[in-house]
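Two complexes come next, and they have one chain in common, chain A, joined by chain B in the first and chain C in the second.
Take a look at the complex of A and B:
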């Protein structure tokens, strides 16, 4: 879908397995990570008092921080919508709650863990803290969660229903859940990138902004697309300086990306990857978007992201591809030129 | 009783995740809710769970909590008289 009005990304902040809230991943990233990895947290006390933080799990604190930083950077303190993506929700609290349920029965369950074991807790918390009573939705759509949340935001901005949207993607991982996902084959392939944790927030706006980080030119989410339909769509967004794809080292995953890229009428377009830096998780594609936004706005990326082709000196547009099973999402970003 | 009060203070700090609060900061007779520690209704539920889990006391009437949770001293007194473990 090509928005019928310009839609800008005016701020983007991340907490991940790379240094948080900065672009150090571009120059001095943490490399060679494997297996289970937790995000690097900032000092939360700088954003909230111990009293405010005491009930919040780490995923909530991270969401509060990235949201606050996004609002600060964009100057938008009251977004019209808060749209959140999460694959697993507050899985740490869910795990604690279920463990208590199994070991102690139903009578001794802790209310805080119960309240924070639901997926939509994150979006609600951001709304409550900021007294933002607008549109508030959480998308939990597996590996497509972030893509669908962004599609919703872009659709509503395009329709004119809202002017600004705080879009976040948040996921945490526990050693236990990591073990389960290993057994299921989601993680665990010997050549695969590490697991990751995600807290990324973006401010989207339809207000013209010369200082915006980039424009969203196109966004599309497909389920089991026919090859010719996908090829036709790719043709409409073929004019990009590079592709940023979710290669993760698992052969069946990487083959999906190779197949999609081969459908383009310009298969020689340079290709970059990002999961080697940010790890794999259900909302990792949001970190792909974050990386693309920073690449366009700063012109830099780390050499380890390079996968194929010859990347031009100036990257003014990026096509982000996220693929998982039968699901594919495409998003094209470009530099702001007002 | 003093030992129970100290134990209770530590348990409250842990269960309610009261970072930067030490047992010495909690006055035995200060109100737990409102002006004192500033706890709220969710904390009351956490304290009810704590009483049952650690001391085997099950509060059947939620209104009881208002009296029992007046202060750490009142809470300790109630626990010492009603505990089953």
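Take a look at the complex of A and C:
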């Protein structure tokens, strides 16, 4: 959908397998990562008490940090909505509870593991810490989780139901779950990028903001789209300076992107990738959005992201493509010109 | 009052009350509870009564005519049955959403946990049962259900624990208002698993007897399972398709209690805000609300908190209330949709469903409808769904004017 009013991204913060809470990935990224990799965590005690740091799982701590930094950077301390995406939820606690259940049976199980295993624990925690009574929802839509969360936020901003939304995307990966996802074929292809862990927060706002990082001009999420309707939609967003796509080195995945890009009426648009730096995970597309926001607001990106075509000196608009199985999402960002 | 309101043009429901519309309605008007001893779940906790769907996975696979080697989960199977019913009742075909398509929004939290808890050690050990690894996540569950009908062009999965399905309906409403979809099929599906039966047990919120929502001596909830979906579209779109609206979705609210991960605040702030938003969106006075299908889990904490929230909004005139979890069990992520369908049945069939098991009011509380009240007209009814983490939502349904 094309929002009927300008919708801004006013802050974006990340913790990932790259250096956290900074843009070092643009100049000196960690390169050549493969297999299983955990996120690089900041020093959590700068954001929370030692008790909290002990009590909360990593996925929760990371969410606390990126949310807090995002609220600080945007100056919005009480967003109208908190919308969270997570593909797999709190994997670590789920795994602990499940392991106990499967090995020691249905007794002596731990309530805290169960309490911190539910997907919406993350979004609720951010609301509890900030006493935020506004709209609060979590989406778990596989590789489209972040895209659906952003679609909800943009829809509500566009309808005027809210003015600001804190949108987060959070996934953690454990060695055991990585093994499982190798068996299922999600990970494990020899030419594939690293696994990833994701903690990204964005502040979206419909208040006019000269300082904003970029505008969201379009967002659409499709399930099994007919080729012709996808082609028609792509025509409405063909005028962009570059494409940022979720190539991950797995042939059947990369083919999806090649096919979508081939439907565009402007086949020479340069193409960049981001999963070579940030890894693959169900909410990796949120790191794609993060990278696109930074590329537009700073004009920089790392050479390793370059995939095809020649990139213009000024990148004023980016089309972000996320594709997986039957699902495709398209998002167009542009530079703020007030 | 909206000039082109969102209307419901079909629904499907599957719960402990029955496998189809007529059995469900008959159980509700006769005050029959579907809660009983555990039959399907392989748990050692047989002391807890539950509201199971009265079909095995194999019976559901056969009813759905699925091939013998299908890789499914119980949540997906129940969802498919409820979706089939909704699609058929609303006469949906691919042409029904000719301009912007038909969206499917299905809440779940359990997802494919029923298979994961059976096979987790197998998953870790080797290749056996590995086809179930990718059915674990919530999104995969919704896509499995969606794959049943080749008419859907959008899938989303809200996962806000026990309010997931209500939030699916709220996102659906906004997809319609923003013109992104012509039709939305929204609701949720959730089977009982050992994972959350044991989880709720560690939190000590399961009753060993039939649950007693809003009773002074209530001692917890009974888990239930099931699935339900509503077919939603703008009134003008329904008219163009030539289908008859059943009820209107007049309002909705979503607020966060922002109090505790598993407990509700004493003043029910989140619940109060959610109901208030729903009533305000419909531009009516609280006094117009004729019935509340309460969240009413039967836990000491929820029922007092929800009572306070209702008293804050309605003062001394709290409308008739019942928790139908006393007959379905707490169907967790599906409850918002299952209870929406029950609320819709109440409006269209002129009765108030019963809050079974109630004897004595909470001090300062209210007395819910304890037996089915027939021949009672309701124009506006609220349906509450509150989740862990204080994810509180409320939906407001309205009788269609010409009825």
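In this text, the second predicted complex is superposed on the first by the 338 of 338 C-alpha atoms of A that agree within 3 Å, B and C clash if a C-alpha of one lies under 4 Å from a C-alpha of the other, contacts with A are read in each partner's own complex, and residues count from 1 in each chain.
Criterion: contacts are C-beta pairs under 8 Å (C-beta built on N, C-alpha and C of every residue); 3 or more make two chains touch, one makes a residue touch a chain.
What you see is a predicted model, and the numbers here were worked out from it, not measured in a lab.
In the superposed model, C is the one of chain B and chain C that contacts more residues of chain A. Once the two complexes are laid over each other on the shared chain, residue contacts for A:179 go to chain C alone; chain B is not touched. Once the two complexes are overlaid on the shared chain, A:5 sits clear of chain B and of chain C alike.
Judged by the touch definition given at the top, the superposed model places A:128 against chain C, while chain B stays out of reach. In the superposed model, A:111 makes contact with both chain B and chain C. Of the two partner chains placed around the shared chain by superposition, chain C is the only one that A:155 touches, whereas chain B remains out of contact. When both complexes are overlaid on chain A, the residue A:31 reaches neither chain B nor chain C.
Residue contacts after overlaying the shared chain place A:232 against neither chain B nor chain C. By the document's definition of touching, of the two partners only chain B reaches A:54; chain C does not. Shared-chain residue A:78: touches no atom of chain B or chain C. In the superposition on chain A, chain A positions 109-111, 115 are in contact with chain B in one complex as well as with chain C in the other. Residues 1, 82, 86-89, 97-99, 101-103, 105-106, 109-111, 114-121, 123-125, 127-128, 130-145, 148, 151-152, 155-156, 158-159, 161, 176, 179-181, 183-186, 221-225, 229, 282, 325-327 of chain A touch chain C in their complex. Residue ranges on chain C touching chain A, taken from their complex, read 43-45, 104, 109, 111, 116-117, 120-121, 123-124, 127, 130, 133-134, 136-140, 142-143, 146, 150, 152-161, 167, 171, 174-175, 177-180, 194-196, 198-199, 201-203, 254-262, 269-270, 273, 387-391.
Partner chain B is touched in their complex by these residues of chain A: 50-51, 53-55, 104, 107-112, 115.
Remark: chain B residues 15-20, 38, 42, 45-46, 49, 52-53, 58 touch chain A in the complex.
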